[in-house]
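A, B, C and D label the chains in the order they appear, each numbered from 1.
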Amino acid sequence: MSFFLFNSAIDSLWKGKWINLLTTLTVAVALIIIGIFSMLLFNLNLALRHWSEGFGIIVYLKDDINQSSIKAVDNALTSNRDILNVRFISKDDALNELKSQLGSFGDVLSGLEQNPLPSSFEIKLRPEALEPSKVKSIALKIKKMDGVDDVQYGERWVSILGSVNKGLRALAILLGTMIALGIIFIIYSSIKVLFYRRTEEVETLKLLGATKAIIRGPFLIEGGIIGFLGGAVSLLALRGVYRLFSFQIISMFPGLMAYPVSFLPVWSWFVFLLSGITLGLTGSFIALGRIRY
Amino acid sequence: MSFFLFNSAIDSLWKGKWINLLTTLTVAVALIIIGIFSMLLFNLNLALRHWSEGFGIIVYLKDDINQSSIKAVDNALTSNRDILNVRFISKDDALNELKSQLGSFGDVLSGLEQNPLPSSFEIKLRPEALEPSKVKSIALKIKKMDGVDDVQYGERWVSILGSVNKGLRALAILLGTMIALGIIFIIYSSIKVLFYRRTEEVETLKLLGATKAIIRGPFLIEGGIIGFLGGAVSLLALRGVYRLFSFQIISMFPGLMAYPVSFLPVWSWFVFLLSGITLGLTGSFIALGRIRY
Amino acid sequence: MIQFVNVTKSYDSNIAIRAVNLNIEKGEMVFITGPSGAGKTTLLRLIYRAEHPDEGQIIVAGWDVGKLKDRSIPYLRRNIGLVFQDYRLLQEKTVYDNIALTLRILKVGEGDIKTRVSNILKLVGIRHKSDSLPKDLSGGEQQRAVIARALVGDPTVLLADEPTGNLDPDTAMGILKLFKDINTRGTTVLIATHNRDLFAETGKRVIYLRDGEIEREALG
Amino acid sequence: MIQFVNVTKSYDSNIAIRAVNLNIEKGEMVFITGPSGAGKTTLLRLIYRAEHPDEGQIIVAGWDVGKLKDRSIPYLRRNIGLVFQDYRLLQEKTVYDNIALTLRILKVGEGDIKTRVSNILKLVGIRHKSDSLPKDLSGGEQQRAVIARALVGDPTVLLADEPTGNLDPDTAMGILKLFKDINTRGTTVLIATHNRDLFAETGKRVIYLRDGEIEREALG
């Protein structure tokens, strides 16, 4: 019996092969757009993480601090779970750094009888902690430690980072919703094509004593297959797009991306196929509507 | 006669009002995606221009340069069409600037018997000229001028800017093509719905002596109206999206955007409506195919 | 087998069936005739629950049709072979598949289907059209395909609406013989027709409808 | 008016019309009859260029139908009123609009259309169904709507394919009278039918087709 249902689904798929090919491609295109969008977000996220590794907090120590206090601050910083990495910069290191930063004009500092620069710690935070409010609270906590004079960090940089992250999320929601709506419409209207072509058939099947399951079966199978094929085609196409563009992207952003662009993770492939099938089934189901005798 | 064609188009629009509403909305959604995308590109472009205004080239002058040579360099720079703005920084200005940059440690410079810093010009380029290769050639040309010691500019910054621009363009082409393909598919398959619903009608019209123009007329009118409505709906929706999000976006990117986000320019509204109509007509035309008796 | 008790059915403006009482026994063969628009098709549609009666009770093969649940309707219809006035052949399926459909819905095996369909096609005389699509058949050939589809499932009740409208007299008489044969084997047969030649001299019951009412009954 | 010279038409496997010669004068009324599948519908379809002849020449109202350009076909058909065996009513339009369609294609004004459509509806006896959709009509009412559509344009030639298959004898005779009237007013009428009662005692030409060939001719 289910063989008959499957058979008539295949039969009907083949009979309307052009319109079905079209539907499959439409679904694929929609999923490709979502895929490219996901790939962008995924890679931007990777890139943000990469960039954020350059972000540091400087903890200036008091001039009169003693060795044991330095040790205490060091311990406190190292044991903080949000801090990835702690580097101590002595007064001499600081002066040398300033000199090298001034380049050929650094010689002006050679005449100094006393080093005016303080010793400091340079801290790198874990990427997860790189949120404006979080960074602020960490900095405040450190500032209150014994022997700490001042804490400096790129407030602007953190706020940009936060904004970009927030912006991406808003964009993701906005565009994602739009595209999802688009896909639902596409599937719905595509299955409506199938359905309009076959209202007569459905009416006749009812009169011949077919149950609702027998009537719906082939449509659902057909929708599921179209959705699955759409998902598969979109994956292949995305893979192709990735191949074509990944090297170009690397060469386009030489400064920004020192590492190769990533394709979507493997688990998301299954998400693609499954959402193709689900969308196909859902679309068919909605398009079929309520069957009444 | 054309009244009859128009009439039967309206009639058929009304009879299939749900599927037509759906088609209209689908077209609108597709155009909305394009619209949001254009808005993003448009505003990113504005933002890039804004940011790029901060980019400058520093022209260090030789220590032994005389007043007339300075004048000559100034004239040469001012008359360059790629240069927007020229500012002279004397040796004293430079030292003061360095002092203020060093902040509380600036006092170390007070002990100097001689100013080791050179005088310089700070140049702002026109946004159009902010292309890595262009900037490089301008810098080289300036460096060869009499009295010029060295030219410095943020090579990294320029290359990032160039990359972002290139990247956006690539993204625009890629996503734009995908979405355009998607729209064509949507319209085609939507009009196919109309067409499948009416193959019988078309066949009968042929047998009753209707010319091709009479047969095609209502479909084309219908497609055009659907396309137009789709365009109009998408414009309204975009306007709504813009209203909803523009303030939020400003508050999200406080550092990046000191000016309000722009809606699409007026001429592009007509592009939206016209492309809606054109897509509708084209889709109908393709879906109708060749009419044979 | 089929019982109408005071059945009325009206469409918005006009009454198609007016307080009809009818009793058809198991194994009977009955003709319904009357002018165009008298309500013949409506009467048949009420039997297989394509229409719901406004008033009265309809019993078919033990089912109270008026009170039938939606999900039971298919099982009622599986007992009824239908010849539609407007054919209702699936345009995208071959004659063979159109007829096999009835059996596939009844979950008959494919091997069995093959023999039964080809037998019935031979019986109605369009075996050579087995692989044609309906649009490539003449009007009369389509009509015979519909009759084959109605008979192939060995229904308990056969309802035929104008089954010979597109057939020449000779073929029509052949079809009538077919109906008589299947009736002899126990199937209850109900035929709506204008064709007086069809029921003349059969000796079967003929019901004359006019304006939705049973005008008179007679033997053909 | 209609002339067939050695016309043959075959579908992939079988020959539907075999070397037919035929000459129908302007103002004649002719019946075509023969068993199901004899080629009656095919013969009519050749006249209005729904089929293209494989061989031979067909002249209709001065047009060489076999050599007609695609874009001239509509103008040929505007001279021909068609009653289709399968009706071909537009399901989404009312009876009125279905019939008005013929006139709208001919660019007749709406006021004129109104009187002409309501006259013809009265003539075929379904004026009260003017605003109904085809699916709400009985079989015979649909058939009369198709006849009305074919007549409303005052065609030079009327082709009717089984125009009374769904009509009771009385209504059928009414329609026949209509055809005779329009024939008297100069229209050439060609009717394909199985219904012997229709042409019996008319005294008109009857052409007997069998297996695509003209078997014989006689007067009804």
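Observations on the structure shown:
Quick note on the criterion: contacts are C-beta pairs under 8 Å (C-beta built on N, C-alpha and C of every residue); 3 or more make two chains touch, one makes a residue touch a chain.
Everything numeric in this text was worked out from a predicted model, so none of it was measured.
Path length between chain B and chain C in the chain contact graph, taken as the least number of steps between touching chains: 2. Summarising the inter-chain layout, the chain whose CA centre lies farthest from the centre of chain D is A.
If you average the CA atoms of chain A and of chain B, the two centres end up 23 Å from each other. If you average the CA atoms of chain C and of chain D, the two centres end up 29 Å from each other. One inter-chain figure worth recording: chain A and chain C are separated by 63 Å, centre to centre, where each centre is the mean of the chain's CA atoms.
Between the CA-based centres of chain A and chain D the separation comes to 68 Å, rounded to the whole angstrom.
Among all residues of chain A, none touch two or more other chains. Contact with two or more other chains is made by no residue of chain C.
Under the stated contact rule, the graph of chain-to-chain touches is a ring, a single cycle where every chain has exactly two partners.
Pairs of chains meeting the touch criterion are A-B, A-C, B-D, C-D.
Against chain A, in their complex, chain B makes its touches with residues 19, 22-23, 25-26, 29-30, 32-33, 36, 40, 98, 105, 107-109, 111-112, 116-117, 156, 159-160, 163, 166-167, 170-171, 174-175, 178-179, 181-182, 185-186, 188-190, 192-193, 196-197, 241, 245, 248-249, 252-256. Remark: chain D residues 48-50, 70-71, 73-78, 80, 82, 84, 88, 90-92, 101-102, 104-107, 149 touch chain B in the complex. Remark: chain C residues 11, 33-37, 40-41, 85-86, 136, 138-141, 143-144, 161-162, 165-172, 194, 196 touch chain D in the complex. By the touch criterion stated above, chain B contacts chain D in their complex at residues 1, 4, 12, 15, 200-201, 203-212, 214, 292-293.
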